[in-house]
Amino acid sequence: MTRGFYIGRFQPYHNGHQTMIEHIAADGEVDELVLGIGSAGDSHTVHDPFTAGERIMMVTKAVAEFDLVTYVVPIEDLDRNSVWVSHVQSMCPSFDLAYSNNPLVIQLFEEAGIEVRQSPMFDRDRLEGSEIRERIIDGETWRDRVPDAVVEVIEECNGVERLRTISRSDVVERWEARPDEASD
Amino acid sequence: MTRGFYIGRFQPYHNGHQTMIEHIAADGEVDELVLGIGSAGDSHTVHDPFTAGERIMMVTKAVAEFDLVTYVVPIEDLDRNSVWVSHVQSMCPSFDLAYSNNPLVIQLFEEAGIEVRQSPMFDRDRLEGSEIRERIIDGETWRDRVPDAVVEVIEECNGVERLRTISRSDVVERWEARPDEASD
Amino acid sequence: MTRGFYIGRFQPYHNGHQTMIEHIAADGEVDELVLGIGSAGDSHTVHDPFTAGERIMMVTKAVAEFDLVTYVVPIEDLDRNSVWVSHVQSMCPSFDLAYSNNPLVIQLFEEAGIEVRQSPMFDRDRLEGSEIRERIIDGETWRDRVPDAVVEVIEECNGVERLRTISRSDVVERWEARPDEASD
Amino acid sequence: MTRGFYIGRFQPYHNGHQTMIEHIAADGEVDELVLGIGSAGDSHTVHDPFTAGERIMMVTKAVAEFDLVTYVVPIEDLDRNSVWVSHVQSMCPSFDLAYSNNPLVIQLFEEAGIEVRQSPMFDRDRLEGSEIRERIIDGETWRDRVPDAVVEVIEECNGVERLRTISRSDVVERWEARPDEASD
Amino acid sequence: MTRGFYIGRFQPYHNGHQTMIEHIAADGEVDELVLGIGSAGDSHTVHDPFTAGERIMMVTKAVAEFDLVTYVVPIEDLDRNSVWVSHVQSMCPSFDLAYSNNPLVIQLFEEAGIEVRQSPMFDRDRLEGSEIRERIIDGETWRDRVPDAVVEVIEECNGVERLRTISRSDVVERWEARPDEASD
Amino acid sequence: MTRGFYIGRFQPYHNGHQTMIEHIAADGEVDELVLGIGSAGDSHTVHDPFTAGERIMMVTKAVAEFDLVTYVVPIEDLDRNSVWVSHVQSMCPSFDLAYSNNPLVIQLFEEAGIEVRQSPMFDRDRLEGSEIRERIIDGETWRDRVPDAVVEVIEECNGVERLRTISRSDVVERWEARPDEASD
């Protein structure tokens, strides 16, 4: 039995992620896949609008269609790269290999002796999360870029309105949105 | 659609938990259940021997037999009772009611306006976790008190040996086991 | 102009505190007094039932009767004794002397070169907080041991019921109450 | 009895804030007002030069002229937007409505079911804090933009010199000022 | 070239530690030794009276007599056993083996694949730290149980008086000494 | 006996640092020097590529040639400027004066009443750390800018490859490298 690991912030989970996991499922390289939700404690910012709980819903519903046992695990930041691999390992079911094209993730896993698989395909849609968030803010089409389950989650939590509201902090005030920035 | 929430440390997940969740599944009160793994950052102590990842495995495998959609979510401690409910809510898919017999959990959820269901049955096996850990340490029978999936997880991670080894810190040295207590 | 500093957990603020501050006000040693609310982040335990906000109300209303300018400042724990004085100084208006009979507080302030005034009177009611909490739990008389303003605050936040509910965690389960102890 | 809440970093507290609170006092909408001092743990940077204690002094002295009961409460950052409202609520006397024009604050309070009042006037001077800090650094006039009490506090803590000194870190070294950046 | 690792809290560093390191130096098993100072952030309690800086002085001066290259490294607690080994490894020069008789340290290092050497001798004086602290508090002889360099460090920092003063918190008040326990 | 303090991030330790310490040693102003390693918890980023342990090796080996007793002490960030001096003092052997040209360090030490010595020479190479890291990334010559001992440490930990790998995160993805940024 082989178990793989793949991490993303999933802000939101989109078709690029879905294609990647479909590919891993089809490959048959792993029997089970752990999906880590990075920066789990962050939410309500333009960079990280959705809570860990909302992202768990997005991912779980979207991957249900694949013939692959999955574990969806929120990973809070420790802000210490040197202990990050141990932190991930303690929070997740044990895994045999990791999928990533992120250079830092590759470096950290390889220093810890964990095999990393890269693929040009994994990279293709990497920046789409940022573009989808901008499309939501600007009122452009975005629903065709995420699985249907993700549309549902975003609508249930009023995510479009939330993202537009908090984005006004950034545009007008030109600082990173924090609630205690209310009045300088 | 109704979603419930139930939290435990699951050190380890045992038949008392299993009966409780079977009961919730049979009741039909909820369509989905979020299972929070408390004190997710704690491990390798007599009180909390297993990592969050190991406990995710125990719970996920054990509840697979029920006809109930479940989400297994590790919850790290914030050590601030006053923000605990918000922390849980941000980490978990949204839920409509909570199951608990713990007075503090009941108090915190009720102050936050969340309905809590109690049951004499939930209480029955509350202290069994502690007893099972002592049985593992003392070499007494314990496998009949947990689901088969839990036995497998504990054996795969050499949990019996781990628990016995770290318990020697407590017995001989009479302090709470911490690695930097190595030499006073 | 001279400003003094006095810190307590105020769980709850009681007549012993009130007498002490009355004494400081009458003495005329200081023109202004900073009242630090210690362990500000703790609440909803038998040892620390009330939030910082509730304690701010208790103290502010109770000292309003004195002819003394006061500042009521919540102080969150840093859990580092060696930086505790700096932490207090950064959170509070600057002060010239501290009132305390607590040996650790005396030691830390004196190592930092800050004058500490002790008095047998300050000590007299030191343990009353613990006794008042037990009286509330056990249904004995306690209202005569705190200023009227404190009775009001405790009743407005349903403090009697809160304290009784969470105390059941301790009695029945014999562990320190934490919400994730819900089920072991 | 109605209590309002208003939060700012108050770096420093200036005439824009003073006008706003005067307005709230005159309105008669609230009987009492909680003034939260945001980012209370930050100090000694160009963005946040003053300690929480210094800011408590500024605010308390400045609002003394209004016929309004006020509570001045430092709020340390938790860096978790999803628990920020609970954190504020635990640190402050309970309040019925919040005043803010900050989109993130509005979003967080409204998701928590707390009423927020906005006003064009609240917004007018929002960025003045940044401009006043630059004026202090550049040696331009700034005393006419803050209440007299604030001038006194800044002069007592040698705030002008402090701000000018630490601003040289930013200008010359083009990095965010931190003490351990001493030598790269 | 082989480098070893040995950790203790060193509250204070005593003859048991000195004998152990003398033994390691004489053995010739390692060319260099990293000495980790555990719980580096703790000080000013009866359990941990001395700061990391004071303990660095004790250890460095005491081991200077041995023909062994040493590195003395304070290790702050992370309170996460599962990442403790990575934390130690990131803070210390890389090492090939660890010396310990502490069961938890052994377990954590062995799970991480690091060789641990035990010895009956290492154990002999393990609890002496606690006894020496009690002797200092009670005014009994203790100077013959620590290297001369340690006597000097303790006297320079007025350690005897500090320990006696803070011990009165424990005896009289029967609570864990914390500065904000000043008044309950 | 006089002891000085000098702090840097030492990413990496280079000839500018070496010249400065040579100068301090030659001056004879201090008998002993504490070398603080700032941001000790940071590693594996382009700004902070090396762990505290690796930097301890660099500094210890490089300063061995001077006739000066040194203590090399990693200092983790607390992210609270107001308690930074106390934090440094608790982690380090006590010192009488500090060497720095960093305006914030000067300000913080002087507010705490600690003498600071500045020198034009200290400033000269301040930004060289950043340039050396860029030279390593770009494949330009850098070994002539650091002591030989530093070259050895960087090569032993495969520092050149590590820095080049993680720098690709920044270039391609235009975000601050964090492992959980793997996939947006």
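Per-chain numbering from 1; labels A, B, C, D, E and F assigned in written order.
The rule is short, and it goes like this: contacts are C-beta pairs under 8 Å (C-beta built on N, C-alpha and C of every residue); 3 or more make two chains touch, one makes a residue touch a chain.
The shown structure was predicted, so the numbers you read here are calculated from the model rather than taken from an experiment.
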Ordered by label, the neighbours common to subunit A and subunit B are D, E
Check: chain pair from C-D, D-F or C-E whose contacts match over half of those in A-B is C-D
Cα centre of subunit B to Cα centre of subunit D, whole Å, reads 42
CA centroids of subunit B and subunit E: separation to the nearest Å works out as 34
Going by residue number, subunit E touches two or more other chains at 41, 43, 51, 80, 82, 89-90
Chain-chain contacts, ordered by label, are A-B, A-D, A-E, A-F, B-C, B-D, B-E, C-D, C-E, C-F, D-F, E-F
Contacts from subunit E onto subunit F in the complex sit at residues 40-41, 43, 51-54, 56-57, 60, 71-74, 76, 89-94, 156-157
Subunit A partner, complex, touching residues on subunit F are 41-45, 51, 162, 165-169, 172-173, 177-184
Interface with subunit B, subunit D side, in the complex: residues 78, 80, 82-83, 85-87, 89-90
The subunit F residues in contact with subunit D across the complex are 6-11, 16-17, 20, 36, 38-39, 75, 77, 79-82, 84, 100-108, 111, 122, 126-130
